[in-house]
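Can you read through this structure? Questions will come right after.
First chain written, first letter: the chains are A, B, C and D, and each begins at residue 1.
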Amino acid sequence: MIVILKNNPDQEQLNNLINWLKTMGMEVNISKGTTQTVVGLVGDTSKIDMDLIAALDIVEDVKRVQEPYKKANRKFHPEDTVIKVGDTQIGGGNLTIIAGPCSVESEEQVCTIAKLVKDAGATMLRGGAFKPRTSPYSFQGLGEEGLNLLREAREQTGLPIVTEIMKAEDIDLFDDIDVLQVGARNMQNFDLLKVLGSTDKPILLKRGMMATYQELLMSAEYIMSEGDPNVILCERGIRTFETQTRNTLDVSAVPVLRKLSHLPIILDPSHSGGKRDLVAPLSMASVAAGADGLEIEVHNHPEKALSDGPQAMLPDAFATLVENLHTLHEAMGKMKPIN
Amino acid sequence: MIVILKNNPDQEQLNNLINWLKTMGMEVNISKGTTQTVVGLVGDTSKIDMDLIAALDIVEDVKRVQEPYKKANRKFHPEDTVIKVGDTQIGGGNLTIIAGPCSVESEEQVCTIAKLVKDAGATMLRGGAFKPRTSPYSFQGLGEEGLNLLREAREQTGLPIVTEIMKAEDIDLFDDIDVLQVGARNMQNFDLLKVLGSTDKPILLKRGMMATYQELLMSAEYIMSEGDPNVILCERGIRTFETQTRNTLDVSAVPVLRKLSHLPIILDPSHSGGKRDLVAPLSMASVAAGADGLEIEVHNHPEKALSDGPQAMLPDAFATLVENLHTLHEAMGKMKPIN
Amino acid sequence: MIVILKNNPDQEQLNNLINWLKTMGMEVNISKGTTQTVVGLVGDTSKIDMDLIAALDIVEDVKRVQEPYKKANRKFHPEDTVIKVGDTQIGGGNLTIIAGPCSVESEEQVCTIAKLVKDAGATMLRGGAFKPRTSPYSFQGLGEEGLNLLREAREQTGLPIVTEIMKAEDIDLFDDIDVLQVGARNMQNFDLLKVLGSTDKPILLKRGMMATYQELLMSAEYIMSEGDPNVILCERGIRTFETQTRNTLDVSAVPVLRKLSHLPIILDPSHSGGKRDLVAPLSMASVAAGADGLEIEVHNHPEKALSDGPQAMLPDAFATLVENLHTLHEAMGKMKPIN
Amino acid sequence: MIVILKNNPDQEQLNNLINWLKTMGMEVNISKGTTQTVVGLVGDTSKIDMDLIAALDIVEDVKRVQEPYKKANRKFHPEDTVIKVGDTQIGGGNLTIIAGPCSVESEEQVCTIAKLVKDAGATMLRGGAFKPRTSPYSFQGLGEEGLNLLREAREQTGLPIVTEIMKAEDIDLFDDIDVLQVGARNMQNFDLLKVLGSTDKPILLKRGMMATYQELLMSAEYIMSEGDPNVILCERGIRTFETQTRNTLDVSAVPVLRKLSHLPIILDPSHSGGKRDLVAPLSMASVAAGADGLEIEVHNHPEKALSDGPQAMLPDAFATLVENLHTLHEAMGKMKPIN
């Protein structure tokens, strides 16, 4: 951490600051220049509050040098995290394909789609039972009944289930759900994160539409600091000025998060593009960038879907896409490492 | 609502669409051009799901003409909403000044500051008991004890209390709190909004850092559609590319929201600027733009504040600011209307 | 074009509007609802100024249905544009690799790098002679001498040259340059675009850091409307809230621009990421998304580069990357089409 | 400047770096921690290229502590700059009101409006002769003839003229123009800036739609480093996610730029809001935030304006607004200073 002082700082206040930093266990280095004095802190600064220092009269600015997250940080955990889910795993070279409808609508719907995506090569089933919708007048999901229909589809296909939890007090309803998803709008619902962290469930954490990588990792840190190490990071598109797409998929998230963290990384090409014909090219780009997997919406009757119909792929197109993705993934496996 | 069709749409599908729209109570007008056919819908479209229509094969795009919110909409409620809180009111020409520390830290701290801001002219007291923090390692607030200290400060000063609620299951703890605040990160925590809507409390709803005006109004609609009409809109700065300020205060929110909605509008110059010396000019700008009030952080020892110290004003500076704001508010009262 | 009227529009003004629209060659359809009247225009609206209509007292809003660009529009030019440059071509299934240093620094530097990238498989040479720099105190490029050094490198390797032109009055200096590049900051330097449009040169048009797809295509339209059809669109990263990357590469630009336009699309993974180790994954993602080619910075001594050193690849790494890209491009060629 | 090294940096490379920095006149301080080593540079770093250092293998990150601009920096020029224009001045406590049509359309139009805005209290006349338009099919301005009509209007009213220059080679046409405006899209047209800097004209420099304060000041620095100290900064709205306004006026620019720089600051409420009824509240907010003046579009027949009609005020409304602004400006003068 670097503390930049105002010109001619009051010497007594400066001494107080330095002494306080030393009692916090910091080693303190001072660079006095003609126009600017800079104080460098060496040690574990993750528990020093930048704001406290920035509030001092003698301080012009404070810059952080170390990352404020530890458990999610690759520096302290160099090995890739691999998460076992049922018979499959996320990370470790596996290409995870999570597919299914946006919302669970009926037993017939979810079981039919589950079988279709399984046959096409999906490794997990997605489907929303509790749905965050921007309008109170839109379909809000089947709730508990939706969870039961997902269980039925798992029973019939063997596919593990991924589904969204929206509030902490529902946690018991999700007891046997395989992967709990946190939606983009809840990425900073810290109370929910803490409750999830007290389980040992795999948590698929979606990046907020305008969250930075560091904010995403701090939310992962919330879960991990409560004891659950099984966090899967999910990039699902960020808000930009472009209006022709719903959101803009940020593929740079893959190599950057890979470097900063050891957690597996999944991309969601359906929500980011918001349009069916963008799903295939964005899926290809994600895998080529090195993603551990994809979450894709598939529907057999998208024109009747109760939410997000325009972005759902048809089962046939999805099957071809999975085939292409495996061709790509194999080709990737043969590529030469770049130093 | 306007539905733009693809070139040469399948006639049968088009007929199906038109018939379905008519059964939904819509009047349907078709404009056939040489290159483009456009279908115009007339009637109450707030319950028609744009996504369902956009998912159809024959549809290129759908544009909404009417706003999707009704209870928050000035068109259906032309009179300004005025909200009574204790002996004061928000809206109706009153200049509301909500002031106090970011976090409640101790009885001595909150009661001292409460008295100082009351003497300076504040009409309500703010203070955080439950604190949303981006790091799990930062101070998370005193919780229930913090609420008790706020009650004590109210007892001593008579100022009504504004404080943040972070999760729905805490609702009973806030039974006698005057105004419940929803933080920017929770603006789309729909489960929380629904529970708040089932009370009759005044709710101060903060705009998310990247939310549009329409999204803010849809979140107000969530509360209002459950029965609570007492929503106060709060602009607190949006995320932009500027790094010299924490966020960018959007003063255009005042005249635009005033036109779209009948709800009162408060601005928060402390969180938006993130720096003490920006609070005064941003407060002046907000009142000059027509805001119904301000929420301002004040601390007697900002260098010891457990959160957000750099943006807290000192009590003396705050007192001068309130004086200046009243001078401005009076001058505004004498201005000529502009047609 | 759709014109949404205010409630109870003045009938005389409405008649005037309708008559004027008819004299402009529009077919006019009116949908009268109980709360809203909507006027639909059918015909060639590209020369009707939305602003003129929006300024009318009786108008609430105007929405465009047709794209405002014509020559760049795939609807009026369904075949992909393929641009011949020397012995190579851009588009038409070819994988264009433009590589070289950010700035031309010396004959030795540019010729050495030119040979290295040619051997590695580059199809064209890039290098900046005129450099747009945010600081007046930074290296501004070698100017005319830089162009001569590029010519020398072309002489030695046979690689066609791509280099940036910054101002219209320099046009004669670029007489025998193969491809003229327009930088992101000049995307809306309309005078420059017009002068370039009066040549028959291939123009590589970089998307502004916050430009929408439509704005990029309108800038292409500026060039094309002056007579030059040889425009190459280039996505080079957009500004987002992320600070760990210089910009965020928008790979969705590939499928979306492909649909809207017939012009070839190149991606620049060097400027977008701003870091050497992001170039390979972003290049792979770009080609997997369907890009026609890449523009990549390569330097043999990046620590001595006079600009943008941190993002330049080393020649060896670049050679491996090109090999991998060809493996990917071939794999892509075998993929099944998705309906 | 702070250089953060990678873990275990190569000692020889580190020594080379340190020696090089010393030859550049820097004082070098090294803070060695257990996990991180930080090198602090003290001295004039404005000519040290961050990129060069960041490109080194041993460097993880470089952070700038000092601002990279000097002539525009308040630290080196503590007094406010006041710019004389004809009989009036910009800055120094004066409230500058620049008003007029978006485009010059005819002698009758510009002279009529000039007289109306002068009578209403405007201190300078604006009007576009060369117009940057996003579509090549839109009206591009009257060019030289437009400049002559502005001269005629100046002759008749005595108001100094503000008008936009779009390209460097036009500079001679602007010989007797009072203030030359640089449009937002040209803020980083560095060749234009350099040519303007070689004159002694007042230059009104508009902030780009997504430019940071530092980028704006660097563009001012381009002009000033060529010798012209007469730069006026102009905030005209930034691009945000909001679609109900054309752009979002950033009033924080006033206090922040005031602190960073000594140059006068003008706000443009017409382009930012993009709607006539936003001009008055945004103008009030700007003056209350401490702006030195405003640039406002006024038109007597906005429905016939050849560009930007929807945002032009009517002359009567403008006259009332100017009256209100003076009431506000006077009230501001009586306010107590806040420490």
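Please note the rule applied: a contact is a pair of C-beta atoms (placed from the backbone, for glycine too) under 8 Å apart; a residue touches a chain by one contact, two chains touch by 3 or more.
What you see is a predicted model, and the numbers here were worked out from it, not measured in a lab.
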Chain whose average C-alpha position is farthest from chain C's own: B
Which of A-B and A-C has more C-beta pairs touching across its chains: A-C
Centre-of-Cα separation between chain C and chain B, whole angstrom: 39
Rounded Å distance, chain A centre to chain B centre (Cα mean): 27
Whole-Å separation of chain centres (CA-atom averages), chain A against chain C: 31
In chain D, residues with contacts to at least two other chains: 210, 239, 241, 243
Touch list for chain C against partner chain A, complex: 210, 212-214, 238, 240-245, 248-252, 254-256, 259-260, 272-273, 277-278, 280-282, 284-290, 316-317, 320-321, 323-324, 327-328, 331-332, 334-339
Chain A contact footprint on chain D (complex, rising order): 2, 4, 27, 29-36, 38, 40, 42-43, 61, 63, 65-66, 75, 239, 241, 243
Chain B-facing residues of chain A, complex: 46-47, 49, 51-52, 54-57, 68, 132-139, 166-169, 185-186, 188-192, 194, 209-210, 215, 218, 221-222, 225-226, 239, 302-310, 312
